[in-house]
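Please find one structure pasted underneath; my questions will follow.
To keep things simple, chains are lettered A, B, C and D as they appear, and every chain counts its residues starting from 1.
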Amino acid sequence: MIRYLEHPKLQDPIFVEGLPGIGNVGKLAAEHLKDELKGVKFAEIFSKYFPPQVMVQDDGRIKLVNNELHYVQRGPGKDILLLTGDYQGLTPEGQYELSDFILREISKFGVKRVFTLGGYGMGRMITKPRVLGAATDVELVKEMEKHGVVFSRGEPGAGIVGASGLLLGLGLLYDMKAVCLMGETSGYFVDPKSAQAVLEVLTAVLGVTVSFAELENKAKQIDQITSKLRDIEASPDTPDKREDLGYIG
Amino acid sequence: MIRYLEHPKLQDPIFVEGLPGIGNVGKLAAEHLKDELKGVKFAEIFSKYFPPQVMVQDDGRIKLVNNELHYVQRGPGKDILLLTGDYQGLTPEGQYELSDFILREISKFGVKRVFTLGGYGMGRMITKPRVLGAATDVELVKEMEKHGVVFSRGEPGAGIVGASGLLLGLGLLYDMKAVCLMGETSGYFVDPKSAQAVLEVLTAVLGVTVSFAELENKAKQIDQITSKLRDIEASPDTPDKREDLGYIG
Amino acid sequence: MIRYLEHPKLQDPIFVEGLPGIGNVGKLAAEHLKDELKGVKFAEIFSKYFPPQVMVQDDGRIKLVNNELHYVQRGPGKDILLLTGDYQGLTPEGQYELSDFILREISKFGVKRVFTLGGYGMGRMITKPRVLGAATDVELVKEMEKHGVVFSRGEPGAGIVGASGLLLGLGLLYDMKAVCLMGETSGYFVDPKSAQAVLEVLTAVLGVTVSFAELENKAKQIDQITSKLRDIEASPDTPDKREDLGYIG
Amino acid sequence: MIRYLEHPKLQDPIFVEGLPGIGNVGKLAAEHLKDELKGVKFAEIFSKYFPPQVMVQDDGRIKLVNNELHYVQRGPGKDILLLTGDYQGLTPEGQYELSDFILREISKFGVKRVFTLGGYGMGRMITKPRVLGAATDVELVKEMEKHGVVFSRGEPGAGIVGASGLLLGLGLLYDMKAVCLMGETSGYFVDPKSAQAVLEVLTAVLGVTVSFAELENKAKQIDQITSKLRDIEASPDTPDKREDLGYIG
């Protein structure tokens, strides 16, 4: 179900999705964009397809896990609708139900163009992440290539799983033209650098300018952690530490 | 589905939930309160989200696993609705469906205030359990703090999972103000001591007085079992007994 | 969904259920009773809660896995409705949906009395299986005790799982009086001897006489297999054969 | 949901299904038939029972995973409806829902005869695959036997699982006469040879002639891979390679 806090008037808004996933790239990118453009939260989506869980905030208040819609008013055809959230649907059926629900809601605002943001797990450390793309039509492919997006035959080999893929696939049934932007990432850590790469493309396409200082700060922190981990690994007297790395999400 | 045995007239009742969970703290507390206040069972909730199972009672009669609603009549704004039961929903979706169903039912009685009871697993033995809290608004946080409830930044880190959390989170959508009271517990045993700590807070808030003799008895029994287990562990010639401890729920 | 092959006129029929389960006791008993009383199949139940599977019969024709209803006309209050089948529901929710569906269907025939048949797994070889019982009311408990059914405090400890339990528990909501008869069985093999013990009680209650020759034959075959297995086990030079036993269902 | 690209007029069409399964035999056969007969895609089926996934095509465009319907116009009683696709339903319930949905759709075209195609896993390499059959009635069994289809008592022992079975079993409820043709296959590799064996029967039944050159090419490629794998296995200094074989689907 959706709870509207406000009913904004938007003109042909562009929809941007960034939910948790590989390297948390999509969520980091969408939240950064929302913060920089001072997006206003106007709706909360609750669902039985999310975990049955509340978070406890620092002031002791609870928050039921959700997805949230934000808007940025920039004028006709430039308005932005942003989806962020705590979780994606837990089951395949839940993923379909939620993506379809979101498309139905945003179609009420006249959305015709969709950008979904995510990470593309490489299984190795990435220094300069490329941004891979997938789109609903060939014109969009060409347009994105002009912005440096890589469309590489056979990548991603397994297709795109989850909301970032479904919003494109089901979006076609709602006559929405859509692009998925995937930042390369190791897949082992949250990856603000990959999120920045994705956002550099997206902001260029949208014609907005944002500061990346915050993401760069986060990237530095992650770099410090990963280089410490490398030191520990390299150190001869701690041969067993390697298994402690795992996924830090 | 719900089967009403009786349709009690209640005046702005307060709702208290205690279902099975960590250390069985919530269930122990709610059942003790029900027994002490001579709560009357008036409704049974059956659901396909519970296990497909009947229990066999001592007289050979069966009982389909369920949740039960009890009432205590104490006067306007002081009446109590109590939920206890055999199980929580088996699946995430079932948890949502059941919590929403219960909220819909209790809203018919005009419930505006909710207390959910549970345990907070510490992973180590606890001698003097604190009672942690989470609430739907800041006024409730302050009120609970006066009763000794601890609101600790970052606790519980993983949020609150299951009915005790959902009834708060979804309760907000029903305009109910709610508090979750969590007694610290090791998480290894059923914990009547933690249930007592939770009830000491709740009875003070509700302005009722109850005997804790029954819970203290149960706590002594558990103490005897756990101290025996410690003896076995300490004994040098039984090095393998440790793994037999496990969860005694 | 249910497909009726015929719409029999029955007078206050008694319902008997025997579906696959521990030792296949219930299914063996119900099918034997159906065969001996020349029950007529009149309805097939198909469900998405069964496995997505067809069986191939000896003549090459397929049969979608199902549950089947049979009737035996014996006169007012003595007519019998028999449920047998290939499977129980695969999921907990499916179990509830199916049991409720069956109760709704049989209530159309005016069923007021239900017998569910099953096995009670003991985890050890049983020479003379007792028949344990559980019932919806105390009068039925007493009546069954006269027929030698054992109502033993704390047995079965884990309650009754699946259709044999749900038809009792949900049957209460349909005003049906019901008994579950459970034959003791090792749980390692299909157990015609346990099925016979159950049927000896049931036929006495129903006032019918049937031959047990067929079940005795099956029991002998199983006995031969299990005694061979015991020989192999006892043989000193095959210490590893034990793990091959497993469940022969 | 189904999206029609075109509403073809067909006269008593015959329905042929070939979805992914053991050895991918059914899918290979149905796609080859579609290609050879120049089948025209006219409908796409999307479902929450498929994986929440889009594929990325070579030109960068996405394709939501689906099942597809194709038609071949050959004249009254000879028209063909072909179902191919990326996936079968993920869950048992999904399998039922999808098969029933497909039967409902094709019944609108007046389908009375159904062929489902699949593989029959033998667990060993097969040089000359037989084609096993199962059918909804004895006349069809006889007719198929004339075309060399083997109806072998006790084969397949576990019945037929998935769409190829359900379309027969549920098809009976739609008054459709149906045959399942299963090509013997090892089950370890995709098996174009087995697909050809199945198609040789089906084309004879349908009275159409097609080239098998494409399938023969694919079979040669697979043969080269498997013979290489055998060489590696046979080589004495690589005793561990065997476990790398697995399923190449």
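One rule holds for everything that comes next: contacts are C-beta pairs under 8 Å (C-beta built on N, C-alpha and C of every residue); 3 or more make two chains touch, one makes a residue touch a chain.
Just so we're clear, the structure is a prediction, and the values are computed from it rather than from any experiment.
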### Message
Could you classify the chain A-chain D contact as same or different, where same means more than half of all interface residue numbers appear on both copies?
### Response
different
### Message
Distance between chain B and chain C based on Cα centroids, please, to the nearest Å.
### Response
38
### Message
How many angstrom lie between the centres of chain A and chain C, each centre taken as the mean Cα position?
### Response
53
### Task
At least two other chains touched by the same residue of chain B: list those residues.
none
### Query
If each chain is a node and each touching pair an edge, is that a line, ring, star, complete or other?
ring
### Query
Which chains touch which?
A-B, A-D, B-C, C-D
### Query
For chain A, which residues are in contact with chain B within the complex?
1, 3, 46-56, 58-65, 90, 94
### Summary
Residue set of chain D touching chain C in the complex reads 89, 92-93, 95-97, 99, 133-138, 141, 151, 153-156, 158-163, 165-166, 168-170, 172-173, 180
